[in-house]
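Handing you a structure now.
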Amino acid sequence: MLADGRFSDVHDKFLWFLLDFRQQNRSASLSSPTSLFPKPYVNWKDRGGPRSKSRNWVWRRSRGLPPGVGTDGSRSESTSTSHTIVKGAQSAWDMLQEEETLVRITTSSLDFDNILGGGIICKEATEIGGVSGIGKTQLGIQLAVNVQIPFDYGGLGGKAIYIDTEGSFMVERALQIAEACGDDMAEYSRLYRKGSHSHEVKIQPKDFLENIFYFRVCSYTERIALINYLDKFIGDHKDVKVVIIDSITFHFRQDFDDMALRTRLLGGMALKLMKLAKRFGVAVVVLNQVTTKKLQAKDLLKDKSSFKSDNNWVTVLNGTQEGAYQWIIYSPKKMKCVLVEFTMYRLICKEAVEENILHRVSQKSIVQQLVMTGGHIQGDILAPVDVISLLIDDAHTVDARH
Amino acid sequence: MGALKSLAEDYAIIDTAFLQFCASRGIFSVEDFLIHDMYTLMASTEKLSNSDRLKQGINQLLLITETYHQPWMNGLVLLEDREQNKHYLPTGSESFDVLLQGGLREGHVTELVGPSSSGKTQVCFQIASNVALKKGNVVFFDSGNSFSPTRIKQMVTHISGLKENKANEALQQAMRNIECHAVFDMYALLDVLHQLKLNLKSQIGYEIRLIIIDSISSLIAPILGGSNAQGHALMVSVGYLLKELADRHNIAVVVTNHMVGGEGGNLKPALGESWKNIPHVRLQLSCNHATNNYAVCILRHPYMASGKSANFMIP
Amino acid sequence: MGHTLEFLRQISNLPTVNMAKGWINGDETAKQMLARVLKERPLLLFPHPLHRIPFGINNIVEIIGPSPSAKTEILLQVAVTCILPKNWNGIQYGGFGHSVLFLDLDCRLDIFRLSQSLKQRIAETNHNSTHPFDMDLFTDCMKRFSYTRCYDSFQFLSALKGLHTKLEKEGNEHRNGVHVLMIDGIGAFYWIDRGFSSLPQMNPNRKNICLQTVFETAVQELKKLLMMHSVLVLATRTVTTQVKGWSKTEYREYMPLIWQSFVTHRILVRPLDDKRKVHDRVCYLAEWLLPALNLSDEFFVGNAGISNLM
């Protein structure tokens, strides 16, 4: 209650300030040598380098060729002739043609992309479920950055909306990922555009951060209002290509006795999000914390929270946040479990921002535990000052403001 | 049905004086007329000077309302209509068809219930693919972005059993036969169904064999609950609209209903008691994820015993 | 002579002038009268699970129960008994030879089930004889079954209003004037009609279209019909039940009072609590609520129809 009531404003403003602050003052000091911060894109190189499938696909995109469509251009006049019985409908054939040209956002993991059929698909909603602390937020930030990879590099060149319900968005982390992404792009252009005019990477890490629209919501009413407002917002910002919601059920886990109402609200919200995805061609990514600790496919499916209507979801069944990610992912579309070596970047390094991140992650899990079990804050677990620090970042950063 | 005024054009007897008389009794529409007793109305004309003409008017209205309900048919005619116009649509899975004595029935509303990832959508895809390949047009209402043309392509190719290059034409035709419409709320669905009803009524050329709504429960569940009856009214309306479409145009209708956790952790269908008597056939699906085996069980059927079940695979 | 007294009571309510005259003049012995009355107003003994009480003309029988509880199946089995003749070509079929009017508000009847049961019943009766299946008999029976479906309350009301003319027409074709009117799912439009009631009425003079007015009109129309024709009404209605205590079943009543008081007999059917199965078929329990008989019957639905469970 404390976590979302009084201090939320402060937190919100502070994050904005932080974002601003980093961009203006700290970017120089933080864009430190890449040796300190291994790149999130490491797996491109780790897995057979740029000739791997994922890279190949990116490369094809950069030539303006959708994956799966041959160079002979076999699909052509088909789309225009069809007329449907119901207005606004589309035949499966036309949809197939369209699906093959749909753009996707890479997750930076070849295996994960393969499960998703080439990445997070635009025009649809994707749910990523998993237990607490498995790295869902990390993936969310990664996607918010990846969506901005310019068209020339096989990306979408879009912008991202990040809706944060838990206060777990870490701007330092976003910056790191942005830097690594920039490095990777630089490398890409070095490898593939030797003859090209420029070896420079045009996008600076801070530009990446500028293109993430961050919303902090503190109650479910706020969230419903925000989702209703998104319609207009995306209408005004046509270049938004991904909406990330972290996490969908957070406010519904607490203070919600009326299960029927909860199900109704979540169901209605899910439909609205999907409508949004269809209408504007954005990818909607919903991160969802699964409450069970029993990591078996069947249990998780039973407990798969309330965002049921969405068919396009994956559930992270097992994994670890330390070091390289190892996720076992269940994808109902493929109807099978897949082990994914998800080498999204993670480094524990003393005296680095990393430590703060880790510290905060542990605090976050304590607060979540409290929220879930409904217990009271006890002094020995978490001192009030810690809760505040959780909300307005840690003391170290607060000091940095002065 | 509608305002009495609109009838004035077609029937001379329904004139201004008659309309005035009706208005004085609070009758403005045919619906109003239906909830009045004809004899009381007749009696109330007695004191008026133009009572004979008014009585004629009432009789005329009565004749009009009699055409409003479906005509009476005797059992033989019904049976003949069933045998000639309402066929079985094979689902594409042999054991499924054996269980249902031939497949889904045109004119029936079939409901698939099952927990998450019990194969509801996959079964829908399979039926749609099979019908599109062998029978005709399919309209697919998708409320969860679950419609996957790639999967349909895969299934059609599998069912046709042809090599990829040979099947191309058949594949294209089958996939053109499936029409997908994304609906994200109840009002949109009602709107489209009404439109479909009008189109089917006016245009004879169109023929639809199958309508699939996946999932109807996710559209209805958000409007249910609370103290007002509107949600339930909409739910029942959509149910009757589907039944009317199915019966009048010989269409098989398939809807899916997901399951939610109920009391004591037991799963129960999201649409409960008041939805139960909408569908003709209710099938429960379950899936064994380890062996990738699906099971279907009859919960309700107009002429088959409930409780029978069958196992099947999805390609 | 409880039966006779009952008939005397019923007859004294009759509006027909002739009958009243006959009664006053006393030109009939009780035996004659009984014979006449049984002919004009026969007592119908229906199959399981309605077999406990004989029904007469003007009875309104309501079969209630949760969904599914074989309510429509009971109607269909009664319908088969009604449309079968008493005897045909010298063979006793034990039916009534009445016409059946089936008003389907649930819109879920599959005529195949009726024809299946009818064929089975004919074949069962014939199975000792060497006759092939009698198609003429089947056709004759099926013609006695009339069906219409209603997609909303107004269609229902318009069908009721038109029944009088239909019965008059039919009266000329069939000699036997008794009709059994079946209404499947009388509460089917409950939610839609309730939704209507919140619509604003512009004119204070105008009757509000809602559940109450719909049933007022329906009951009124039925009453008029009963006065002019020999009709027995059988209706089914879906209710939600919950078992309270160890023997009492409670159900949630939602119909307007005018309908509730119109009903003369009410039976509750529901699946057995112990979910017992016989020959793989679900078993049901039938309890009479009106009149409140202290009897309950267990039955199950097989291919051949409803069988009593001993």
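By written order: A, B and C. Residues from 1 in each chain.
Following the convention adopted for this analysis, a contact is a pair of C-beta atoms (placed from the backbone, for glycine too) under 8 Å apart; a residue touches a chain by one contact, two chains touch by 3 or more.
On a predicted model such as this, the values are computed, not experimentally measured, just so you know.
Shared contact partners of chain B and chain C are absent; no chain touches both. Taking the mean of C-alpha positions as each chain's centre, the chain lying farthest from the centre of chain A is C. Of all chains shown, the one whose average CA position lies nearest the global CA mean is B. Across the assembly, the chain pair joined by the most C-beta contact pairs is B-C.
Centres computed as Cα averages put chain B at a distance of 27 Å from chain C. Computed from the mean C-alpha positions, the centre of chain A lies at a distance of 40 Å from the centre of chain B. Rounded to whole angstrom, the centroid-to-centroid distance between chain A and chain C, based on C-alpha atoms, equals 62 Å. Within the complex formed with chain B, the residues of chain A that make contact are 78, 82, 84-93, 95-96, 99, 117, 124-125, 259-261, 263-265, 267-268, 270-272, 274-275, 277-278, 297-298, 301-302, 304, 308-312, 332-333, 335.
Those residues of chain B lying in contact with chain A across their complex are 115-117, 121-122, 132, 137, 139-140, 143-153, 172, 175-182, 184-185, 192, 195-196, 199, 206, 208, 215, 218-219, 221-222, 224-225, 258, 260-261, 270, 289, 292. Those residues of chain B that touch chain C in the complex are listed here as 1, 24-28, 30-32, 34-39, 62, 65-66, 68-76, 78-79, 82, 105, 108, 228-230, 232-237, 240-241, 243-244, 247, 273-274, 276-277, 280, 299-300, 302-303, 305-308.
Considering their complex, residues 66-68, 72, 83, 101, 106-116, 139, 141-152, 154-159, 161-162, 165-166, 185, 188-189, 191-192, 194-196, 198, 203, 205-207, 209, 213-214, 216-217, 220-221, 224, 238, 240, 277, 280-282, 301-303 of chain C touch chain B.
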